[in-house]
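Chain naming follows the written order as A, B and C, and within any one chain the residues start at number 1.
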Amino acid sequence: MGRRLMAAAVAGLGLTVAACGSSSTAAPAAPITIGVSVSLTGDFSGDGKALVQGYDLWAADENAKGGLLGHQITMEYKDDASSTQQVVTNYENMITVDKVALVFGPFSSLLTIPASTVVSRYGYAFAEPAGGGPSVFNRGLTNIFFVQPAAVEDNLVSYAKYLLSLPVGQRPATAAYATQDDPFTQPQVDKAKTLLEAGGITTAYYHVYPAETTDFSPIALNVANSKADAVILGTQLPDALAFAQTFIQQHYNPKTIIETTGPDQGAQFSGPLGANTEGIMVPAGWTPAATAYGNAKFVSAFITKYGGAAADISADSAEAYSVGQVVDQAATKAGTIDNTKLIAALHSGTYQTVQGPMSFDSTGKPQGGVGVYIEQWQSGAAVFVYPATVAAAPPEYPKKNWQ
Amino acid sequence: MSPVARLNVLKVGGLLLVFAVALALPALAPDPATTNIAVFTMMYVGLATAWNIMGGYTGYISLGHAGFFGFGSYCLGLLLAHLGTAAGYAPFMLVPLAGLATAILAFAVGWFALRTRAATFVIVTIAFMFMLQLLAENLVGLTGGGGGLSFPVPPWSGDYFNTPYYYAMLVLALVGLGTSWLIRHSKFGLGLLAIRDDEDKALAVGVPTPAFKLTAFIVSAALVGMIGGVYGYYVTYIYPQFVVDPLIGISMVLMVFLGGLGTITGPVLGALILEPAQLWLAYNYGASRLYLVLYAAVFLVVILVLPRGIVPSASDFLARWRAKAAASAPAATRQ
Amino acid sequence: MTLVLEAAILGVLTGGVYALMASGLTLIFGVMRIINVGHGALVVLGAYLSFAVTRSIGIDPFLTLFITMPVMFLLGLVLQTVFIRPLKTDREALSVLVTYALALGIEGILGYIFTTNYVQLKGWYETTSFPVGSFRIAYVYVFGFVLCLAILGAMFFVLYRTTFGSSIRATMLNRTAAQLVGIDVDRVSAVAFGIGMATAAAGGVVFGITTAFNPGSHYDLISRLLTIIVLGGLGSMRGAIVAALIMLVSEDITSVVVSPVWASFVFFVILVVVLLVRPQGLYGVRVRDRL
């Protein structure tokens, strides 16, 4: 009996060794193509380019390691011109004509939602970096995975917590809110408003403006006029800049400002503002100095490939890179790049990315309370300042005056 | 058979062939990528034909038809949401209601806009389109605002999904073509052409120009609204800035101009050429960012080389060729 | 109350920029009877030209106008001769399509050269301001406004005090009659288009200093410019200026007093009301079968 057990154990061990040995000397698997529809022209083109940089870097890193489960990767990009019609056509074509093995997501909830319906028809897994508005998850689709540390509406929760943690004398007494009517910016601002009002911070101004607004000065004037201590803005990059510039012109110095996007776009934000980025906050799952899984390597590889400084890297690139990381880990876990198995694998377990650990619930929403942190510009670099567990520097409060 | 009769037989035969191919397309080319392009192409065939009823026959160039397109889309979406209609074939039955609603809107818009003429009319229609977009964005309680509006998603498989939409678009395109043909061969159509040629003279001669213009405008808009409804259902989710999109409005105009303003087959030809070309260009060259430049170049070449459009230029060419042949024939037989 | 006043002043200052851009657009229409839907793209082109000049020789954006305005003027002569003069029949409708194609082409080329990242022109004055009563006015708006006044003044001078200006006005009134009188309408058209482009260059500088832009920014611009010239009356420079001021002031006041959401809507309501009473716009001329 003991000897048979021993023999079985040896045989098992031998088989395992053989398997390990054979996988390292097996012939490389066939190269695969991963298809992505990106906004290279049109409204979202600035972000689209950053996504491409992130995806490309990930593919290069994967290929250097031997490929995704041995498959060398070619990335295929199609321009969706920031249009619904084109994004639907692109995924339709990439899946059924070009027969790509995998697909990654486009930019923004606006494009992710129509694309997700097409992708789900063919049973493909849809790991996406930029579609986190509530409507992404409530349509009954099970193949979507939003690769960011939190669902969009929770982005400002850390910030609300931070403000309410300040001693009563220091805490802002009033807050002004202005947000685009956009499925990304508005849910966050509204949730922050609810939390802050419950915590006793009076709302001095609250307005929603159309996403197609071109002239933000009157709104910014109104915010400045409210003389609120805290300013919470639901913006994309152009309005983030416009608000800041009007505040500077009006010599309006609130104690704290946070913008939902813009300050996380690296050089596109710091270029026009120069030293006046000082003290502006943004919710961020990622910062160049973060110590999350593989981030240091990501940042240095990015600079090697694309030049520039760490502070110029846009968060979109890190988000795209995370998508690749998640898919890589899921494929390793499932042992295959078959989409059905990937979808099953992704619904459980935790995945390590440059944005920190994350896991997905049954609708694809990121969960686990990792949360999104606060990033703040200090002396020309954007660093995590809250919570203390990830902070590289203490938060600057009140914000220094404009120069 | 006389040459005229022979030409007519050829024309009718050609049309029947095109119709047969269109009907059988999903069977001939069932892969989803092709049917997807077919859906959008047939959509533009319908849009171009509908626009031509106003722009081609009356000469009033509306650049705001995208507003009606988006309005029809929102109407259908809201109807489906309120009635709780299940996804599947039932929503297609509600499309005519979206058309009716768009017709009512067109009545109000047209009554106002048609008091202006020529270039002012063009820009007024643009203004109305932007107003509609604004309303869609700002009436958040009704339309969902910037967050968009969701359509129910039918549970059809990937291979079959596009086919019902293609047929819906085909039906609407045929309705549009039928209407266009009927108008063209009626006194109403004659009145519209008179308005195009010289509106004040037409009025002086007794054509009820305000009523005729408004009717053409309403018919055109209702068709566009219905097509917009099917479009919204096809892409399953709409946003104000994507469905009230000036690019859709200007594409349908370009297609009519390419094919031949005021003709019946012209808009069809224009759509059949431009839409697949645009999708193909965007797909293959979009990533290199030269897509826009190429598209613009195609545009410009078409307009400068064939300012009247393909169909009129082709029939001119044919007529001249026949005249030359007829002129030289007697000389040949005279000996 | 001061907020309303502040909004009104801001409206006048920014209205000046739109007035400048709209005047170019309405001049082009008046002379050639074409609707240049590419005007927004031309403004963005002007902004990018200034951007390129400041990037290479580092001068102040306003000073780049000495380079960009002549360049855009010459470019306008070329564009008009190559693309617009050939349009014989159906001028208005075809012109929309041609100028739209030009806009797309310009957007594509700009995107190719400069990428689609947002950029902004920088000057020492862009965030400085001076106090007026209880609020502050940014220098950049004042400089922009002064520039617009200067260029508009120059345009009016040319139009009303020079012989060539008379040819332009004659062509605007009645093209055929002008030809009969001996005016070279083709040359006048080309020059008018050049002037339109030069004003777009100037508008581009002010636009580029106050707003972050990228090649796709022209869509929002053109929609506003078109509605302005319709309210003012197609072909009327005076109308373009008045309408631009009305638009910006009403929008800014509504935004500040009521809500940003309805700001542009107010302008459209004004447009509708005016057109109901005067379909030809505020200063437009109702001609028998053309407007």
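Quick note on the criterion: a contact is a pair of C-beta atoms (placed from the backbone, for glycine too) under 8 Å apart; a residue touches a chain by one contact, two chains touch by 3 or more.
Small disclaimer: the values here were computed from a predicted structure and weren't measured.
S.K.: What is the chain whose Cα centroid lies farthest from the Cα centroid of subunit B?
M.R.: The most distant chain relative to subunit B turns out to be A.
S.K.: Counting C-beta pairs in contact, which chain pair ranks first?
M.R.: After counting contacts between each pair of chains, the winner is B-C.
S.K.: Just give me the whole-number Å value for how far the CA centre of subunit B lies from that of subunit C.
M.R.: 32
S.K.: With chain centres defined as C-alpha means, what is the inter-centre distance between subunit A and subunit B in Å?
M.R.: 40
S.K.: What parts of subunit A, by residue number, touch at least two of the other chains?
M.R.: Only 40-41, 181, 208, 210, 212 qualify.
S.K.: Hey, what residues on subunit B touch two or more of the other chains?
M.R.: 134, 138, 289, 291-292
S.K.: List, in ascending order, every residue of subunit C touching at least 2 other chains.
M.R.: 107-108, 111, 261, 264
S.K.: Under the stated contact criterion, what part of subunit B meets subunit C in this complex?
M.R.: Those residues of subunit B that touch subunit C are 55, 61, 63, 112, 115-120, 122-124, 126-127, 130-131, 134-135, 138, 198-200, 246, 250, 253-254, 257, 261, 289-297, 299-300, 303-304, 307-308.
S.K.: Taking the complex as given, what residues does subunit B use to touch subunit A?
M.R.: 31-33, 36-37, 40, 133-134, 137-138, 140, 145-148, 150, 153, 156-158, 161, 235-239, 241-243, 245, 247, 279, 282-283, 286-287, 289, 291-292
S.K.: Using the touch definition from the top, list the residues of subunit A that touch subunit B in their complex.
M.R.: Residues in contact with subunit B: 38, 40-41, 77-81, 83-86, 88-90, 92-93, 96-97, 110, 113-114, 117, 121-123, 133, 135, 139-140, 180-183, 186, 208, 210-212.
S.K.: Spell out the part of subunit C that touches subunit A in their complex, as residue ranges.
M.R.: Interface residues on subunit C, with respect to subunit A: 3, 6-7, 10, 14, 107-108, 111, 115-120, 122, 126-129, 135-138, 140, 211-212, 214-216, 220-221, 224, 248, 251-252, 255-256, 259-261, 263-264.
S.K.: Quick check: in the complex, which residue numbers of subunit A touch subunit C?
M.R.: 40-43, 45-46, 48-49, 178, 181, 207-210, 212-215, 217-219, 221-222, 225, 237-238, 241-242, 245-246, 248-251, 268, 271-272, 276, 402
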